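My structure is below; once you've seen it, I'll send some questions.
Letters A, B, C and D mark the chains as written, and numbering starts fresh at 1 in each.
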Amino acid sequence: MGILEVKNVGKRFGGLQALGDVNLSVKENTVHAIIGPNGAGKSTLLNCLVGKLIPDTGSVMFDGQSVLGRKPYEINQMGISRVFQTPEIFGDLTVLENMLIPCFAKRDGAFSLNAITSVPSETDVLEKAEKMLVEMNMADKRHMHSASLSRGDKRRLEIGMCLSQEPRLLLLDEPTAGMARADTNNTIDLLKEIKEQRDITIAIIEHDMHVVFSLADRITVLAQGTPLVEDDPQNIRGNPKVREAYLGESA
Amino acid sequence: MDAILLQILNGLDKGSAYALIALGLTLIFGTLGVVNFAHGALFMIGAFCAVTVQRILNLSYEVVDETQKDFLGNALKVKTSYVESWFGPEMGGAIIDWAVPIAIIFAIPIMIFIGFVMERGLIKHFYKREHADQILVTFGLAIVLQEVIKYFYGANPIQTASPEALSGVANVGALFGMDIVYPVWRIVYFFFSVVIIGGIFSFLQFTTFGMVVRAGMADRETVGLLGINIDRRFTIMFGIAAAVAGLAGVMYTPINSPNYHMGMDFLVLSFVVVVVGGMGSLPGAVLAGFMLGILEAFASMNEIKSILPGIDQIIIYVVAIIILLTRPRGLMGRKGVMEE
Amino acid sequence: MFGLDKKDTRMLLVVAVLTLCAPFILNPFPTDSAMAQFNAGYPDLMQRFVIFGIFAIGFNILFGLTGYLSFGHAAFLGVGSYSAVWMFKLLSMNVVPAILLAVVISGLFALLIGFVSLRRSGIYFSILTLAFAQMSFNLAYSVLTPITNGETGLQLTLDDPRVLGVSATADGSIPVTSLFGLEMRSTFEMVVGPWAFQFNAGYYLCALVLLAVFYLSIRIFRSPFGMMLRAVKSNQQRMNYTGLNTKPYTLAAFVISGMYAGLAGGLMASMDPLAGAERMQWTASGEVVLMTILGGAGTLIGPVLGAGFIKYFENIFSKINDTVLHNWFAFMPDGLEDFVVFIVHPFIGKGWHLTLGIMFMLVVVFLPGGLVEGGQRIAKWVKGRKNKDDSTSATKNPAE
Amino acid sequence: MSKSDFSRRGVLKTGALAGTGLALPTIFTASSAAAFTNDPTGSSVTLGFNVPQTGPYADEGADELRAYRLAVEHLNGAGDGGMMNTFSSKELQGNGILGKEVKFVTGDTQTKSDAARASAKSMIEKDGAVMITGGSSSGVAIAVQGLCQEAGVIFMAGLTHSNDTTGKDKKANGFRHFFNGYMSAAALAPVLKNLYGTDRNAYHLTADYTWGWTQEESIAAATEALGWNTVEKVRTPLAATDFSSYIAPVLNSGADVLVLNHYGGNMVNSLTNAVQFGLREKVVNGKNFEIVVPLYSRLMAKGAGANVKGIHGSTNWHWSLQDEGSQAFVRSFGTKYGFPPSQAAHTVYCQTMLYADAVSRAGSFNPCAVAEALEGFEFDGLGNGKTLYRAEDHQCFKDVLVVRGKENPTSDFDLLEVVEVTPAAQVTYPADHPMFAGGALGSCNPGA
């Protein structure tokens, strides 16, 4: 029994069957990669997991509870954090403030009219955020406007924000898309570190095979809205079906 | 039945003005991404083009007539317009009579020029600024334009009649064996607006220029990357939008005497129209304009007012609220436009 | 002090000194000098400065923090005024219950309108609020006349059934508003040489309320809640995926700013017990938007400056007439005097709108951050002159 | 140019205190030494002219201001004296009021109650005005009248035509020279009867606010008394600009008279629209369709242009009147400004003169003394024949003019012609008339 159980999920957009009949099980404390060619339905599947889309059929269970019909913020409060393809951070706020917000969300829940105390007086949250900044190697940038960070730093910040919520499941949507090689390697190192140091499950959607094979414990290959195969990385590497459908000559 | 048909006519008529102004607003918003609070003022300036042309045609010399007395008991100065003295009373009178249609000829270049100056001189610097700043600066401009007109023309409405030949009423029901009389000029106004709207749409649809502009409305950056000078085209679009507003104003003068704040009266309504139609959607703006016009006309019927007192005061807003709550982006709005 | 950091404490103190000494500061010119025309230190205008300051501070909590641009905020001010006047008519001439009711009713009204309008964002939200406010205005002007007294505005009459208090005073006039017996209109006048300074009870009540709500708004700005509101403005998507429900945050901001507006309306009615429908018109809503942007949206002090700026123009420039002009320029030779008056004439008196429009454009073109940015530039310039070598000390000041 | 000083405090204190450098506190509350608000103790007195300078009535406000300037000039002894020479009371000497030079401040009402009150308050608090006058709408007049009552100064209303100003909203400190909705109806009714007979069906379009309602009530009552039938009373939004959807139903309603209870921009547009729809040429029930505009003004007639031709209405005063007072006023106004005055200009000029005269007769600026002098005052020579300022409601009773749009105007302002001068007796109503019930004057308030 995995921490995330996807059963018979299907989703249509008009005449297009985006997801056919997806079954997926993500085991706790593993890194599970979902790969597939463009249009395979990876993003649709992800959106079904976080509450942005509601599938037409099937069920999605997180830790024994259904996530279907819940709003994104409720699903997040259940323990699923999402990292976006292009980093979604609070561009108008400083780096420290960016880090404070998930910490407050963790402590105070989805809404709190905490309008009278001042932020500096909330020492517990402040310490936690500062600690996370140090872990992310961004402590020296804490007073920068986050919009002026480099792409790689934005990604680090976003991952740090997600981690500060202590999620059980971290969803990554092509975390290295559009990154230079050096940034990509940094991100891989960061994710490896996270994997080693924390009790956390990671589900990752990725295009870059280098990233996938350096991180994943288990891989699901999606093609045309249905899972083609699910297996360990070394088996996927050798699987002729996968080679044919997806990897082609590149492997 | 007759009453309902009449109100539909009225609605189309009101709707024409809403649609024309909303069309211009949407063109400016769609192409330039600028919220133009000075658009109502452009409508008003158009109307005052007609007033000015009328004044010019009526420029007169004075002859002292000893037989009549003015209000102070002095000899009355009788005015004769130059136009009448040059072309003879009949021809000259006819020219003066046709002041409003003549004004169209003058209004087009003047409005395009005003549009160019506005865009190059002011609006251009606000493309990248927040909508709030755009609102503030165009609102300031609207006040200034309005006050300048007031300084020269006063605050009172100024009557500008339609040509005698187009002044009466026509029985538009005769075709269907019914008796529905309707003012000729209002019918003219409706068809005029249909022609203008049709012209704008075909211009955007069938010319290369229009295609580029439409592409620019959809994705400005990409079009810019293609090496097309989109800025210049947008300036021209601003001029066209100004001309549309101005023409709507010129033609509106015989319906209601223009005054300096008529633009503000229309501004809020036309914003509601644009948003109900869906930000950035030209067909939406036109559809919403006519729809709200017709609903407004129906709401002012006694039968409806007796059931819902005061409904004619708020109908536009009620409809706007209902539409925005049921259709998140108005009737035909695109996703992601002005939702931040 | 007061749980604020040094900078905020200093700002609060500066505002406190400015408001409490306003009767001096706003009356810089001797009463019989030609410049006395520019004095603004009389009770009515000082009250207006402060009341519209409160209105704008509240509006800024919504617009400045969350970025939601309400085009119907005047409706809450109007509702607050009506509630307060009804309280005077029915209960007592004491301003406290009137102001409390104004805040409560406008808060409820804001809750209702906000709940519906906040289902949309961006311009769609703006138009929804505009539509609600215009509906309120149009109905108040016509169908709701029994409650609002229509065009004339709701006012006190000699036969109001006042439960705690008398319908009419012994000498047959309408009683005046008071704070536990302290009449709002009572004014203490101090004459110093050629100057005359007026200290009005009503003004000081408003000023104290302003300080209280200004302090509250600093607390909100500096609180986690305020930070969340700024986060809403910055990235709603990230908010949602960080486990935060944006709807109650925006709704709370909307209701708080509606209550500020109601408070302003209640104070306005307490200073002058009349509530006119045009307080709710879209132009009035537009005015507070302009005040906030003009002063500097998202800054603490900006909205107050913007409110003062616009009200000053409305009340001082509109009262300058040609006779006054001639008086000013009387020192010039006759021909020149007439010429100068001719040049200035379009911008004053009935032309005050023109001047205001030009000022809007100038400010927004040259000072994108509003008047606050102007202030910062001056401060920087002064600082720069003081220590020319120390150019590295250019500290980046976010917002304030 | 006049080197005037517009500040009360300058007047009050400079002589005594300038240069002493002493802070001398005084408290202006009920127990203060001053007998009434803004008691002018210096050599001049300040009046507050509060008129619309922006917004739709700005032109009317501008004309009022012209008349005020003229009145001040005449009171101070400059110019030809205007109606001061024809006024039946001979108290005014051209030496200001009670020997004090008259000065004035101006303000902008914006035709909004709030703005008007703010402006009036600044005149009272900052400039020390002892009397406020002006305005071009009833809402503003009533709001400012209420303020003046509280502040303890006299309010001399400008153009306000609602019954309520001297009806349910009357105030002891407020006075109205202008006529009202009831008087319009009473003056028009007999003329309408002569012109259009007693068998008519009237359709009312009414601006949906207090003035419109009182006007509609008055004219409907008066015409129904003639035997006319009221087909429909339709309220139109004040903000409406296009009245077509309200006019269209008139066509098939069976009505043969349209009454437009509109003023200002509303009236210009509704009349223009009505003419557009061919109502003037229409024949209903065998009778020519007629349009009536109960309250006319020359400035509005100008806005409607040729559409006013032949349409009847009432007005407070018109420059073509041939009596001595009117002629004197038109002469001095026309000479100064180059065109004849409007009825708004006339009424505010009269109000200024009446106030100055009342102060002179009372020998004091105290509002209570002035009010007493005005109450029940009978006068003549101000253009409307013998006039009474009735004590019970502070309303003037005088002749009312019925006018018609002129067919062949000779100039821009020659748009109306007087059809009949309805004598005061015919438009007088008892003070307890139900249309004016519901308010009380209260007692005069000297303030301070």
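Throughout what follows, a residue touches a chain if its C-beta (ideal position, glycine included) is under 8 Å from a C-beta of that chain, and two chains touch if they have at least 3 such contacts.
As the structure is a prediction and not an experimental result, all values here were calculated from the model.
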| item | value |
| --- | --- |
| Common touching chains of subunit C and subunit A | none |
| Chain at the geometric heart of the assembly (C-alpha centres) | C |
| Maximum centroid distance from subunit A, chain identifier (CA atoms) | D |
| Centre-of-Cα separation between subunit D and subunit A, whole angstrom | 74 |
| Separation of subunit B from subunit C, taking each centre as the mean of its C-alpha atoms, in whole Å | 34 |
| Length of the line joining the C-alpha centres of subunit C and subunit D, rounded to whole Å | 33 |
| Contacts with two or more other chains, residues of subunit C listed in rising order | 138, 141-142, 353 |
| Contacts with 2+ other chains: residues of subunit B | 310, 313 |
| Residues within subunit A bordering two or more other chains | none |
| Interchain pairs in contact, sorted by label | A-C, B-C, B-D, C-D |
| Of subunit C, residues touching subunit B in the complex | 63, 67, 69, 116, 119-124, 127-128, 130-132, 134-135, 138-139, 141-143, 282, 286, 289-290, 293-294, 297, 346, 351, 353-354, 356-361, 363-365, 368 |
| Subunit D residues within the subunit C interface of the complex | 1-7, 9-11, 13-14, 17-29, 53-54, 58, 61-62, 65, 104-108, 112-115, 117-119, 121-122, 125-126, 137-139, 142-143, 146-147, 149-150, 164, 169, 172, 208-211, 235, 237-239, 439-440, 442-443, 445 |
| Subunit B residues touching subunit C - in the complex, by the definition given at the top | 35, 122, 125, 129, 131-133, 135-137, 139-144, 146-148, 151, 268, 271-272, 275-276, 279, 309-310, 313-314, 316-318, 320-321, 324-325, 328-330, 338-340 |
| Interface residues, subunit C side, partner subunit D - complex | 31-32, 36-37, 39, 42-45, 48, 138, 141-142, 145, 149-153, 155-159, 168, 171-174, 176, 183, 185-194, 196, 198, 272, 274, 276, 278-279, 314-315, 318-319, 321, 323-324, 326-327, 330, 337, 349-350, 352-353 |
| Residues on subunit A engaged by subunit C in the complex (per definition of touch) | 50, 71-74, 76-77, 81-82, 84, 88-94, 97, 100-102, 104-106, 108-122, 125, 145, 161, 165 |
